[in-house]
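A quick write-up on the structure given underneath.
A, B, C and D are the chain letters, set down in written order, and residue numbers restart from 1 in every chain.
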Amino acid sequence: MPTATLLITCPDQRGILAAVSGFVDHHNGSILRAGEHLEPDTNLYLLRVEWDLANFALPDDRIAVEFTPIADKFQMKWRLAFSARKKRVAIFVSKMAHCLADLLYRHQIGEIECELPIIVSNHPDARPLAEFHKVPYVELPLDSSMSKDNKAEVEARQLALMREHRIDLIILARYMQILTPRFIAAYPDGIINIHHSFLPAFIGARPHQRSYERGVKLIGATAHYVTEVLDEGPIIEQDVARVTHHDSLESLIGKGRDLERVVLSRAVRWHLEDRILVYGRKTVVFE
Amino acid sequence: MPTATLLITCPDQRGILAAVSGFVDHHNGSILRAGEHLEPDTNLYLLRVEWDLANFALPDDRIAVEFTPIADKFQMKWRLAFSARKKRVAIFVSKMAHCLADLLYRHQIGEIECELPIIVSNHPDARPLAEFHKVPYVELPLDSSMSKDNKAEVEARQLALMREHRIDLIILARYMQILTPRFIAAYPDGIINIHHSFLPAFIGARPHQRSYERGVKLIGATAHYVTEVLDEGPIIEQDVARVTHHDSLESLIGKGRDLERVVLSRAVRWHLEDRILVYGRKTVVFE
Amino acid sequence: MPTATLLITCPDQRGILAAVSGFVDHHNGSILRAGEHLEPDTNLYLLRVEWDLANFALPDDRIAVEFTPIADKFQMKWRLAFSARKKRVAIFVSKMAHCLADLLYRHQIGEIECELPIIVSNHPDARPLAEFHKVPYVELPLDSSMSKDNKAEVEARQLALMREHRIDLIILARYMQILTPRFIAAYPDGIINIHHSFLPAFIGARPHQRSYERGVKLIGATAHYVTEVLDEGPIIEQDVARVTHHDSLESLIGKGRDLERVVLSRAVRWHLEDRILVYGRKTVVFE
Amino acid sequence: MPTATLLITCPDQRGILAAVSGFVDHHNGSILRAGEHLEPDTNLYLLRVEWDLANFALPDDRIAVEFTPIADKFQMKWRLAFSARKKRVAIFVSKMAHCLADLLYRHQIGEIECELPIIVSNHPDARPLAEFHKVPYVELPLDSSMSKDNKAEVEARQLALMREHRIDLIILARYMQILTPRFIAAYPDGIINIHHSFLPAFIGARPHQRSYERGVKLIGATAHYVTEVLDEGPIIEQDVARVTHHDSLESLIGKGRDLERVVLSRAVRWHLEDRILVYGRKTVVFE
């Protein structure tokens, strides 16, 4: 069934939930799921309301107009999403394709619902996989001998591709290049990265190697929105797996692969279902 | 801060959330937490709304009166709870006191908030612990040589004690006796048991022994409301721990102890915070 | 590096480890990993010793001969495996291909090392996946209108295929047919099944549906060797995932998929690495 | 049954296991558990062998003497432990007593086997708990107005108490003072601390507060041996618990308490059972 979802952030005050649920009810909408969160430290109120559009009295393009007075009254930062409008997603990948393979399989069986017009890579390795799933694969190699110049050019072409394909969400599925602030600024809360450690432990390069050397008893993976500061963006999801002294670096990396694809896919699914709200450095994930 | 909480179950229909949040707002109440759940199979709607009583316009004893018309309109099954009214709890225990010790410690440091007027046991073993925590300990031994007669008598005395102390919740903290339907009927959704397995695996006696013999790779614990059918009541919480072939029956039981006390304490806390709604054989635990 | 592995079960007695490690040392072998387990209830001793064959003084085909006197002295049940001899594996699948897709990907990146000469299915659905991974796919449909006759015939053809391809291990990767005792008898401790529940909870059909109806707070998956009694074979691995009242049957099944493929792949890897010993209804999984 | 345990570290070479198990066998000992680990990066071999002393031909005080030639041949670092000789343990605690309460309860029911001659604290808060368990409680307050002088004096008294009570192991059960290098040097691999984060994330002060501010989705606890560099000692055990946006700092700390006491108790039990070997910054925990 087609639904609409309001995602709202505003200063806490009396009557917000009554106003929003009253708005939906007034126009003959039936609420399917409502979730809210009051952040006591900052007195911030976050709300997500999803309702059935079947008998809703307002046409889609009137909802925002009619809701604006309420939003203004409560000083809301808000957005409106429609389940019928599938988000358009680009996946970036380097050589290791386990996360990509996982996302493509989930997409194929309908577990992840989105448009998937493009995969971007700096390597040719994942092309057969993309072709099997019939997703266009654009290879933009980075020239390390004169990387700086080439990187700017590659990013410009990437951004052009994003625009051309009207991309809403970029997934860095083990894409081993650091994006520039300029690129990131084009997609605020719109780039999801999977980092192969339990952040904020092992920020930066080679977290598996460093986990192994430190002798941790659990390894982790973290899906987060990308911000200008490396590995410091709002965390969406994390999980861990147990390792022991029996684990070689190789088997530890293997356990990491299992973590990464599950953690990334959860974050992607929640984003696509408009279930995430970012506030400051944190996220609310509505159930 | 003192709060009021409405817990509501009713057939799903348009406008419930708007009506309830409107009621709170209308009387100048500020909602602190709202959680809801729509059960698609039975078209049941479950709602929990908690609000700050600080500036609420209605005195406590008028809230139910004023809310009744709304409740009637939507055919609600509902109840109203006040955070200022601490629930009165009785703990039943046999010989193994790890869950009791844990609950008493949590109560002492304020993690579990309730009145604790009585501990009931069929054995003397836990008396020193009860005395250290200054909770009255009533020993009602069961005479196994002529158990049937004695059991009825013991239960009658237990029920009398429950009435005398105006008990709201009974916790079976590894109380190794089966309660009669008559006793259970006096406390619908008011008796929490901890079963030392991952239900519905290993229903009945000696689940640890049977887990060990079956060679499972995880053991579990389950906190549930007690109903007439043994170990079939609505599950509140479950958790598991890993075991290997290295585990003896004894070490498996030790891991079980750690599980049981954590699982039981979560269930108890959620019950005391009025966060659980039972529907059919299931529970909703509102966050 | 090529290695040899001895897997031994015998009555516990003094000197077993000294004899076996002495044997390896005597012939100039360097032990890479030794694991043992003493089962106190049955006084059974289980031992796994893996050693580097690089400088080993005995040729491969003399090891068993030379070891036999030691084996006889301690009344050992034993077998000898060589890492250089890859096991030959057949995967059986029905319509749901998530476990198959996962195994094929792990095989492709070298995480699971084996020969994979054949995939058998009663449905055509997974053929494109098999073809992408260049594994022959044999479709043997079961005719439900006269299922009994056809089933015997299908099984006969399956067994013929297993013999023809000299299959060592059969993986039931969500193969939704019950094998006959005759088939099972041909592969003792040689068929691994993934059951989509936390056994022994929800033995039999539709465990996800029943988990959902029972209102459990965790769902599970179990990989086990297949024996004549349905879902009662020795458990190799289990794991669980948390579900809440927010989970629909569909999302619960989705979480189950993630569990099943991880649990099955672990069991398969351990089997292929000769790390599992079955004793009675239990398994030892050597690290 | 009384047992002896050899814990051995040496350069990897052919014949170690054969030599050690041969030694035990030669003197009529029956091995109960053997565990080993080969560290490929450093070519280090670590071995633990425990055997039944019932029919062992050597008296306890001759074992080390007879074993020395083998140890010398393989350049072993080694130690010998006897199960009959209970270790002597001191617990240090500040105000928060949840780990202490847990350890005392486990000691009482026999889950943790050791002598417990003394509890040391810089606060009076835990005295009633110590008295209930009949363990002497020494209060050595730190004077923060002139802390430096007083700290040296307090440490000197602490060390004198450790010597007087012949303490083998010191447990820092949420003892919120940093020990000086001099103190630490007196107990190499002999002080276990519980840090309330998933190390190396949130090294240093107030990890719960910082976890809360960072918006992590899991919190952790780490038990480690104390070395001169704060929170950098070899990790013995770690575990995590899930948190969500619903968790306040207070509820996060509550979940942390449950983690800390379980993680610490595991580390302590493994140490007391002589199952831990430290190598470099890592630990092997033998099953």
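One rule holds in what follows: a contact is a pair of C-beta atoms (placed from the backbone, for glycine too) under 8 Å apart; a residue touches a chain by one contact, two chains touch by 3 or more.
Remember, it's a predicted structure, so these values are computed and weren't measured experimentally.
The chain with its Cα centre farthest from the Cα centre of subunit C is B. Set side by side, the interfaces A-B and B-D show unequal numbers of C-beta pairs in contact, with more at A-B. Subunit B and subunit C have Cα centroids separated by 41 Å. Mean C-alpha position of subunit B lies 37 Å from that of subunit D. Residue positions of subunit A touching 2 or more other chains: 244, 246, 287. Remark: subunit C residues 37, 39-40, 198-202, 213-218, 220, 234-240, 244-246, 248, 280-285 touch subunit B in the complex. Here subunit C touches subunit D in the complex through residues 12-15, 17-19, 21-22, 24-26, 28-36, 38, 242, 287, going by the rule given at the top. Only residues 98, 101, 105, 109, 111, 128, 132, 244, 246, 254, 257-258, 262, 287 of subunit C touch subunit A when the two sit together in their complex.
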